[in-house]
Every structure is written in structure tokens, then in C-alpha cells.
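Same chain, two partners: chain A is paired with chain B first, then with chain C.
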Partner chain A sequence: MSLLETFPLQVLGPTELFSLLPLFTLTFGAVLALLFGTNKQRGHGYAFTVAMFTLVYALLQGSYHLFLTDVSLLGGTLVFSPYTRSISLMVIVFAIIGVILTYGQDKKEGLLSEVYALILFSTAGMILMMSTTHLLFMFIALEIMSLAIYVLVAMRRSSSFSSEAGLKYFILGGLASALFLYGTALVFGATGSFELTTIHHFLMFNQNPSFIFYVGLGLITTAMLFKVAAFPFHGWLPDVYQGAATNVTGFMGAAVKFTAFMAFAKIAQNMVFLDNHPGLRWFQSFIWFVAAASMIYGNFVAISQSELKRMLSFSTIAHTGYLLLGLYVMNNGEGSSRSLVLYLFFYALSNLGAFAVISIFEERNQKDLTLDQIAGLGLKYPLLGTLFTIFLLSMAGIPLTSGFIGKYGLFSAAVSAGEIPLVVIAVLTSVVSVYYYLRVIVYLFMKESTKEVAIHHRLKGATIAALISAAATLQFGLFPRAIIHFVKMLAK
Partner chain B sequence: MISTTCLLSWMIFSPMLFAVIAILTPSFLENKLRTLTLIQTLVNAVLAVVLYVRFDGYSAAPQLIHFVSWLPEWGINYIVAIDGLSLPLVMLTAFVSPIAILATWPHGELKKEKFFVSLIMALQTGMYGTFLAHDLFLFYFFWEVVLIPMFFMIGIWGGKDRIYATIKFFIYTMVGSLLMLVAIFWLIHESTHLPGANPSASFEVLGQLKFAFDGSSLKTVFSSPQTYLFLAFALAFVIKVPMVPFHTWLPDAHVQAPTVGSVFLAAVLLKLGTYGLMRIAIPFFPQAAFYFSEMFILLGVIGIIYGAFCALNQTDFKKLVAYSSVSHMGYIVVGLFSFQKIAIAGSLYQMVNHGISAGGLFMIVGFLYERLHTRNLQEFGGLAKVVPMMAIAFMIMTLSSVALPGSNGFVGEFPILLGAFQVHPIYVLFAGTGVILGAIYALKAYQMVMLGPKTRNDLDHLHDLNAREITAMIVLTVFVFGIGFFPKTFFGKSDATLDSYANQVIYKVGHP
Partner chain C sequence: MTNDIFLQILAAFLFTMGMLVVLLRRDTIMVLMGIELLLNAANLSMVAFSKSAHMIEGQLQVFFVITIAAAESAIGLSILVNLYRNFGSIKTQTANTLKG
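Then we have the complex of A and B:
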């Protein structure tokens, strides 16, 4: 079978072009940013400007063409619907905040000007990954995204932690990619298709697929659980979060997580969560178990961390658990997939904001901030302290913040689906999470600083990024109707 | 003139508006911040008076409803309304706040005063919101909002072990309220099965829900959904009350909190728990509540006696008052779960009365601490001659606390005991000893502080109450004796609601 037969070329009409336009813009902008970044004196500034323009332009294009009809390209491989377009927009929003966050941080941490281009490339990969239903395409998109992120993680050249983190992430990520590819091959062998929808139909009419299918599905699930950092596959996450420059961590924690989860949701919806399919019940209970284990492990290990980024990385694992709970009930309750998107979006925004504040607090070349180092900073810098508090409360799911709305939607969908035991586990472990989030607030506001602490680099970019995230966190926490309505409209 | 439809919302959000003003206050005006706080609380008191006048005491239905569509997709709306159950508690909040500001402000400088006053204001928004919400989600929302200012207040301006106390306070409340949240999901989900099929969180709709309950054996009880729903709500509320054995956060929080925090905690925050029991846990799940009522009464009585004994052995004055709160709040639990009309009414009165007496006692502790920087009872003594005004105020608050006939305390505790006696005479016998013990520890505290020989030399130079402290005490005294002698005048407007509430609850118990 030649490539042309698999992906027959077709003439692109205006609708198709408009749907692809953000991807073109991002790629073109990334190349431009690379070129402009070569300027020795002003390279960073130029690259930043180009990246910002590109992203804002892509955002405008995307939102302008949001409600065009569904487009499927390359024989149904790339699907652009209002739903995929809007989750792409969300990723672009994360990238915008990530780029703003990087401004200033790049000089402080000695990042090369290519950082902006890499963010753009990975964003393009993310959009591709969320728009495709073809397993091979998904693999390619995954690699486009991941390769850029590997470099971003290792980019803090003066720090050995960063190289270590980059290498770890690269090797383990490569393993996961290999598993994904091998799984894809096996699934293709068993079902005769790379298309998720075709595989879905195959499974609906075929109660007993061959054993090879289950092996392949297991490999794909493992790879995806690795990418979203669920409990037994989380090992890389804390080191990568600590080693990477904080702006990169923030961008990763938001955008990569969002994308990986959206892709995983698509795979799980088509290949795992089928009703009345006895063979798949094992996989469903496996995901149940992973969800519960991630919540428990993430939250309890986060308690004993004294370093901020490491603590947040374990809390991320816990949030993966909550999200898997949302995934688990996705096909049962009406509105569950919407609440998954909402939760991810809200969580990603708060997470970005939290890392923005950390990047202001930390010293140059510092591996991680310890709790002692932030003692008393909240009273000394009330604005930053308040912003950080808002993000932490949001992650803890306390009302007034978007995190509460997200959690509310997710858990109520799960209760509607009858999955009460897992919700009770989730709720009880989130009490544990309240403890370690509060502890940070306690250090910020209630402990006296042991020595003179001060912020040496006033990062304007990071402050603006944190302000944007905080405004969004409060806005969606108090008046979530618009965005809930928006997401609901997309699902129709 | 404020239109009536928005009156309740004005009450809820005007503190928030003032908080914004406080945050924006330029630094050269920062010494006026406490005046601003006083103005804010007085504005709310005036609004409360308007509210009281507009309130129709002959109607049992929720009044002055303000409805704003908030999240209709999830069945969640901003609904605030007032009825006879929330009216006394709103009035209590509105009047205790200015008194607390007057009485408890530290004489010296307070660090980060701007932050402190905005927290006080945010706290009030949360309290009014919880009492006035008529939508379960909104109730939960405000219930949690109350936590955050209190957390900071104890944590930043508290005593030596403030961090331990504030985290304990927060986590304890969170455990209960998150389980309540799961129950709320369940309720809202069930509401879609009602005719209309739209999810709804309003009290009115949720009140129509019926959950199966079979009390014939333990096995059937624990396979009935109503049991779990009731226990989830009740746990959240009794932690806040606090009922033994979930009370241990209270002494820590009280002792470490700054005085104004203690006053708000004792006077209003604890009532959120009993109000929740009264508003949600009992009427929504009456059969389960009735089935477990004996257990709750038993725990209530244990709380009364245990709290009193603990109070008896304290040397820390503030801890003594904190344990007396545990004891007095036990009466409310006993009254609510006796399912007797008169006891239910008594419980509502007791909520207000305990707010006044415990708030007053914490203010007295604050007066002493402000002047002597100690709360150790053994370091006082013979103060009555030096500070006669304080001695009088202290005496009045003590009498109110021991429920002397003619004081407000009597109006609450007597009907509770009377009503509960008709169904559980043995328990009430034990609860009655709590009254005696209460008199012993309260008078003992008074004696150790005001009477007897002086233990320190510097006590001679103690300043008596200043004008603002006296003003606060006079207002409280008016309420103590006013309620004591003319309870009808103060609580009359709640009669219709209480009557129909008790009838409905008792009817529902018998007719599942």
C-alpha cells in the first residue's frame, strides 16, 4: 500500500484551509522566530515579539473560524470540528501565557532565544495531536510535541539538573513513544485499521477480538498513562518538573497535560469504554485502579515534600487521578466529557499561574524553592502572595476559584454516573491535598522569615502571566456560566 | 432608598464593597481603617433593622427572595431569601459585628491592619450568605468562603501555636464539608427525577425529594440512601457546632485566635453548624434524623457534661469559655433532635443567646488580655475594686451564660430542657446537671478574676473600660435583659415559621 493510497490527496476548499490556518501560522511563526532569534543583541526580544504575534494571530484565526462546519482531511484522519478547534484554542491560550511567562525568565536562566520557537513548534504538535483520530498521526504529533519539550526541559544549560531532567525525560519518553507505536502496530494487526472510529466500530460488532488487540491496547494505554503521569508511570515527573526552568515547567504542566489527556480521552472513549464488552472490562477496572492509586499516592507523597516544584509535581499526579475519574465516567453520564475539559482547562490555568509566581520567587539557577525560602514573602509582597494563594486555593478546590467549579462539575458527573466509591476516595484525598496547599499559604503569610528574603529579579512577564491566570481563575470561579455554556455548545 | 428585592443581597455584599474600599485606602488614611470597619458594620446593622421592619412575621414562607440566574445548566442559581429561622441569626450577626469591632480592637498597633479589616469584612459576607442562601450550592459556597478569612485571621494574628490551630480548624471543617459536597451532588442528581426533570439545588425543590428509609433493622437502615445522605450532612454540621467527639479543634482555635476572631467564631460561626442541622439535615432527611436522634441527644448530653467538666478545670480563661461553648452548644443539639416543637424553638433562641453570652465573655477575656497580657486565671484576683465597670459587665455576661431567669440564657435553655424532657427524661436529667456545673465554672471564673486577694502588684494601675468598650457592653446588656424579660418582642417574628417548621418535620417523621 503506498502512502498516497492511504492518504489520498484532496483539493482544499476554503473551509479546510481556514481550519488548517492556525497550524500553518504557528509553523511559519516558529520558523520566523528561529530566524529572528539569531540576532546577537536583541534576539530574545525579536523572537518573543514574533512568537506573541504568531500566537495571538493564531488565536484570532481560530476563534474567528470556530464554528465552521466539520472538516475532515486526509480521508478522515484529521478532523476539525468546533470541539477540536476550541480545545486547540485553549492550548494556544496556554502557549500565550507560557510565552509571556518566559519573557524575562529567558535572560535570568540563560535560555536560548530558540525557546520561543520551540514553544510554537510544540503547540503545533499539540493541536495536531488533538485533531487527529488516526493512531499513526497521533504518534507523529506526539513526537512533534515531545521533541520540542525535551529540548525545552534541557535548555537550562548552566544547571546540571536540567540536563539530567532532559535526558531522563527523553529516554523514558522515547520508551513510551516506542510502546505507543508498537501498540498501534498490534492494534492494526488485530483490527485492520489505524482509525479510532473504525476500531470503535470493529469492537462494537466484534465481541471477541484477538488477543493481540488486548496486548496492543495495553501498550497504548501504558504509553498514554505515562504521558499524563498517572501513578505507576509517574516516575519521571518530579525530576523533570524540578530540573526544567520554571517557565517551561509551567507550560508543560498546562499544555502537555491538557493535550495528552485530550488524546487519551479520545483513545479511551473509542477503544476502552465500550458498554457490554467483557474483554474490555479489565481495562476499565485497571483505569479505576490507576485513578484511585494516583489520587492516594500523589496526595500522600506531596505532604512530605519540602520543595515547592516537587510538591506541585506530586499534586499534579493527584490531579491526574481526579481526571482519570472523569475519564472513567465519561461515557456514562451526559455532560461528563464537558466537565473533563472544564476541569483540565481550569487546572491548567491555575497551574500556570502558580509556576509563574514560583519563577519570580526563585533565584537564578536554583533547582527548587524550599518552603523555608518563601517564609514571610506573602506579607512582604502582598500582590504575589495573594496571587499564589488564589492558585493554591483553586488547586485545592475551594470556592471562589475556578478549581472549585471544575471539581464540582467533575465529581457531580461522577456521582450522576453512580461512581460514588471513587468520588469518596477523591474527596477524602483532596482533604489531604488541602493540608499541603495550606502549608504553603502558612509559610507565605504566617511564618516569620528566618533570614532576609528578597526578590532579586522582578520579572514583569511572569507577573503579567500570573495576573492573567488569576483573573481567569476568579472569573471562572465566580461567573462560570459563560464558559460552561460554551463547552456545552461544543459538545452538541 | 434600597429596593426590597435587593435588600438581602445588599446585606451580603456591602461588607465586600467596603473591603474593596479598605484595600484601596491610601497609606496616609490607614489609621482610619477601624472607623471604616465600624461604619461598615453599622451600615449592615441599619440594613438589618430595615430588614426586620420589612419582615412579615405572620408568614412562614421565605420572604424578600432575590433570584439571579447563575448556573442554570447545573441547576444552580443565586437565590437568597429570609424566613423566621434565619432572621434571628442574621440579626445576631448584624448586631454582634459592630459590638465586636467596638469592644475588641487592640489598644496598640496591629500589623497589616488593612489585610485584617478586609478579612473581617469578607468573613461577614460569608456569614450572611450562609444564613440567607436558599440554594444548596450557594449555601455550600458561602459555607466555605467563611473558612478562608478565619484561617488567615487565626494564622496571622493568633497566639503562639496559631499555625497548628488554624490548620486543624481548616482541615476539620474540610473533612466534613467535602463529604457534604458529595451528598449535595447526589441531591442535585436526584432532583432531575422530579417532574420537570431539570436539575435544581434550590431548597424549595430539594425539600420535595423523598428518599427511601427503612428503620426496621440495622441492616435495612444502612442500606437506605437517606441514612448516608443524612450522615454526610450531619457530620459536616456537627463538626462545626462542635459536638463531642468532633470538638477538639475548637479550644485550640479559640485560644489562638485574636479576640475579634474568637468573638465571631463563638457568636456566629458555631451557629452555622446548628443552622445547617436545622435547615438541611433534619427537614430533608427526617426519618433518618429521627432514627439517629437518640444517638445525637446522647452525644449532645455528653458534650454538655464533658464540656462543663473541662471548663471547670481550666486555668486559661479563654479555654474555659471555649469549653463552655462546647457545653452550651450541646443543648442546641439536644433540642433539635428531641423533635418537640417547644424544644426546636428553644434551640433557635439558644443559638442567638449563646452568641450574645459567649461573644460577651470573649470580649471580657479580650479586655483583660489587652491590659495584662495574660489569660491565666491564677494571675488575676481582686479586680472588682480596681475596675468596677468591667466587673459589672463580666457579672452580666456570667449570669447570661449560666441561664439565670431574667437573662437571655434562660429563654433558650429552659424550653429545650422542657421539650426534651417529654421524650427523653433520663437524658434531660443529666443535661440538667450541666446547668449546675455551668454555674459552678462560670462563677468560679468570676471569683478568681474579680474577687479574692490580688496576686500581682501591677493590678492596681489597671485601666477600667474606656468609652467604646462601655458602649459595647451596654448594648450587649440591653440584649441580655431585653431578651430575658421580653423574648416575644425579639423572637416573635419567628413564631409562624417555627410553628410550621416543627409541624412539618414532626409530620414527615411519621409519614415517610
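Then we have the complex of A and C:
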């Protein structure tokens, strides 16, 4: 077989070009941001401006061309549909909030001006990862995303926490990538294809794939569970959340989680959740157990934490459990895939906002905020306290915030799919989670501050980012109909 | 046919060795080398599979993976230099200020 047959060269038509434009824009803008960032005095400001313009331009481009017809490039390797375009837009929104959040924070934490370029590069990797159906392409996109994130995590160069977190994330992330790659190789050996859709067809007509396939699928599933930080593979998450600069933590917790889950959902849909396939039962029940264990473990360990970022990282593990529940019922229930997207979107927004507020309260090079340190801060800074309360309530799933809408959609989809035991666990553990979220609010508003705590850095960027996230959280919580309708339209 | 099986066993062996190095060695440089070994074991397996199935696809992808591996080791080494500056050592057990 010749090269041209394997990778047929296409002439790009206008539809293809318009679908690819956000990617081109992001990559080009990232290079520009790198160049402008080298300026000694104003590097940070220039890089920020370039990054913001790039992201807003990509957002406008993407939303203008949202409803173009489906495009498949490189023989089905890259697929752009209204669905993938809109989840790419959501990631771009997270990146915009992340960049605003970084402004001001970069000087305070001593981050280099390359932080903006790295956010853009990783966003490009995320869009690629969510648009592709080719396993190796997904590996490459995963690496484009992760390599940028490794550097972002280790970027507080004078802080020993940060370099330790960078090392841990690098080693475990590299291990997960290698597992993914070897799993891909084995699946290729067993099915003869890297394409998810071809593998899906292969499995439909082949009830008993060889042993190699199951080993490969196991490796891929493990790698993806590592990336989304589900219970037995969560070890890196709390350390990385604490060690990274808080703006990076916020961006990571939103965008990386979103992307990893979307990619995992695609893999699981095509390779794990097939009906009438006896060999895959094991994998399905494995995901069931991981979901239940993540919910229980994350919520109960979060109770005993006295540090804010660490507590939020354990609550992230619990949310991973809820999301895995959504993944588990994805193929069974009508509209459960859209409830997964909505939940992820809402959760990521409130997560970003929460870390934005933490970054304002924090001092330079601080590892974490303890609960005692935030005592009384809500009374002293009413705006920030209120914003933080909104985010925590949203994560707990209290009505009038978007978190409630997300959780309601997810659980009702799971109930209609008949997955009652898992929903019972999810509801009970989310009752537990209300305790530790409310405890933070009690500390913020109902305790006297033990010592004089003042905010040394008034971070405008982080305040704006928190305001945007809070506005979105309330908007989607009070008037959810528009976005639910939008996502429903995409699912068709 | 026997050649293909031999190559697969070799790839699996290399992958296991790489995994053991990553998990057991305390020297960060060795851990980085272990990650390289993991990626190359996967490469070998992919090449062998595509050879036996007479498809060029798997062999082509190896070039991409090699590029990624180079980028990854560059970033790994720079993180390592940063670690040495902060801790004065590159042993993994020195970097345990964050309780996991």
C-alpha cells in the first residue's frame, strides 16, 4: 500500500477550512504570544493581550461556524460536527476565564510570560483530542495537551511544592500516556485498525475478539481513568492541585477534566458499552465499581481535610464519580450524553470560579489556605465571600445554582436508565458533601478571624474571572432552559 | 509467524521492564529512561503488528511517537533541573513535602 493510499491528500474546501480555523488561530496566536512575551518590561501584558485576542477570535470563529455540516478530514481521522465544535467552544471559554485569571497572578507568583502561550497550546491540544476518532491521533493530542500542562504545573520555579508537583504529575502522566500507547498498539494488533468507528464495527460482528484486545482495552481504560483521576488512580491529583499555582489549578481542574472525560466518553461508547457482548461485561462493571468508589472515597476523605485546595481536589474525585455514573448510563438512557456534557460544563465553571477566589485570598508562594486562615474573610470582603459561597453551593448541588441543574439532569438520566443502586450511592454521598462545602461557608461568615489577615494583592483579573463564572453559574441555575435546549439540539 | 510472536513477547518484556524501572527506581533520571523504554516498547509492538498485518499505518505512526517522546524527555529533564535547584537532589524520596 502506498503512502498516498494510506493518507489521501485532500484539497480543503471552505467548510473544512472554517472548521479548522479555531485550531489554526490558537496555534498561531500561541506562537505570537511566545514572541511578544520576550519583551523585558511589558512581556506579560503583551502576551496576555495576544492570548485574549486569539481566544476571543477563536470563540467568535467557532460560534459563527457552529452549524456547518459535518466535516471529516484525513480519512475520518478528524471529525468536526456541531457537537464537537460546541464542546471545543466550551473549552475555549474555560481558557478565556483561565487567561483572565492568570492576569496579575503571573506577577504575584513569579510565573513567566510563557504561561499564556502554554495555555493556548494546551487548548489546541484539547480541541484536537475531542475532535478525533483515531486512537493514535488522540494520543498525540493528549500529549500536546499534557506537555503544556506539565510545564504550567511546575512553573512556580522558586517554590519547592511546585517542582515536586510537576515531577509527580510528569511521572504519573507519562506512565498513563505510555499505557495508553501500548494499549493502542495491542488494540491495533487485535482489530487491525486505530479508528474507533472501525473498531466498533469489528466488535459488532466479532463476539469473541482475541485476548490481546482485552489487554489493550484494559490498558487504555486504566490510562483514561488516570487522566480523569478516578478513585484507585487518583494519587497524583491532590498533590498537583496544591503544588501548582492556583490559576493553573483552576484551568486544569476545568479544561483538562472536561477534555479527558469527553475523550473517555468517546472511547467508552465505541469500545466498552456494547450490548450483547459478554467479554465487555467485566469492563462495564469495573467502571461501575470505580464510579461508586470514587464517590464514596472522594466525599469521605474531603471531610477530614483542613486545607482548601486539598479539600477541593478530593471533591473533584467525588465529582469524577458522578461523571462516571453519567458515562455508565450514556448509551442506555435517552439524553444522558447531554446531561454529562451539561454537568461537566457547569462543574468546570464553578470550579474555575472557586480557584479564582482562592488565588485572591492566597499569599505569594503559599502552599494552601487552611480553614482557619479564611475565618471571617467573608465579612471583611463581602463580594469575594458571596462569590465563593455561590461556587460552593453550586458544587454541592443546591437549587438556584447551575450545579443543581447539572446534578438533576445526570441523576434523572441515570434513574430512567434503571441504574438505581448507583444513583442511591450518588445521592447519599452528595448529602455528605454538603457538610464540607457548608463548613467553608460557616468559616467564611460565622467565625471571627483569629489574626489579622489582609489581602496583599488586589488581583483584578481573578476578580473578573470569578465574576464571570458566578454570573454563568447563576444564569444557568436560574434560567437553564436556553442551554438545555441548545445541548438537546446538538445531541440530535 | 514465530518471528511475530517473538517480537510481541520482546515488546511486552521491554514494557514490563520499563514499568518496573518507573515504579521501583528512586533516581529521577532512571525514571525518565523508564518512560522512554515504555514508549519504545509500544513502538516495537506497533511496528511488529503492522508488519504481520501488511499495513504501513502502524509503522508510520512510530515517527510521531518518537517525536513526542523527544519532547517529553526535554520537558522531563527541565522539570528535573528545577527539582534539583529547589531540593538539591534528584532522588524521588527527597521530594515529599506534599503529603499524598
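The rule is short, and it goes like this: the second predicted complex is superposed on the first by the 487 of 492 C-alpha atoms of A that agree within 3 Å, B and C clash if a C-alpha of one lies under 4 Å from a C-alpha of the other, contacts with A are read in each partner's own complex, and residues count from 1 in each chain.
Note that a residue touches a chain if its C-beta (ideal position, glycine included) is under 8 Å from a C-beta of that chain, and two chains touch if they have at least 3 such contacts.
Because the structure is a prediction, the values reported are computed rather than measured.
*Asks:* On the A-aligned overlay, A:435 touches which partner chain: chain B = first, chain C = second, or both, or neither?
*Replies:* The first partner, chain B, only.
*Asks:* First (chain B), second (chain C), both or neither: which does A:460 touch?
*Replies:* A:460 contacts neither chain B nor chain C.
*Asks:* Now for A:107: first (chain B), second (chain C), both, or neither, which partner does it touch?
*Replies:* It touches nothing on chain B or chain C.
*Asks:* In this superposition, which partner touches a larger number of chain A residues, chain B or chain C?
*Replies:* On the superposition, C touches more of the residues of chain A.
*Asks:* Mind pulling up the chain C residues that touch chain A in the complex?
*Replies:* Chain C reaches chain A through residues 8, 11, 15, 18-19, 22, 28, 31, 35, 38-39, 41-43, 45-46, 49-50, 53-58, 60-61, 64-65, 68, 71-72, 75-76, 78-80, 82-83, 85-87, 92, 95-98, 100.
*Asks:* Flag every residue of chain A that touches chain C in the complex, lowest number first.
*Replies:* 1, 3, 6-7, 136, 139-140, 143, 147, 150-151, 154, 157-161, 163-168, 170-171, 174-175, 177-179, 181-182, 184-186, 188-189, 192, 194, 235, 238-239, 242-243, 367
*Asks:* Can you check the complex and tell me which residues of chain B touch chain A?
*Replies:* Contact set of chain B toward chain A: 69-74, 112, 115, 137, 140-141, 144-145, 147-148, 151-152, 155-156, 162-163, 166-167, 170-171, 174-175, 178-179, 181-182, 185-186, 188-189.
*Asks:* Within their complex, state which residues of chain A touch chain B.
*Replies:* Listed in rising order, the residues of chain A that touch chain B are 379, 382, 393, 398-400, 404, 408-409, 411-412, 414-416, 420, 423-424, 427-428, 430-431, 434-435, 438-439, 441-442, 445-447, 480-481, 484-485, 488.
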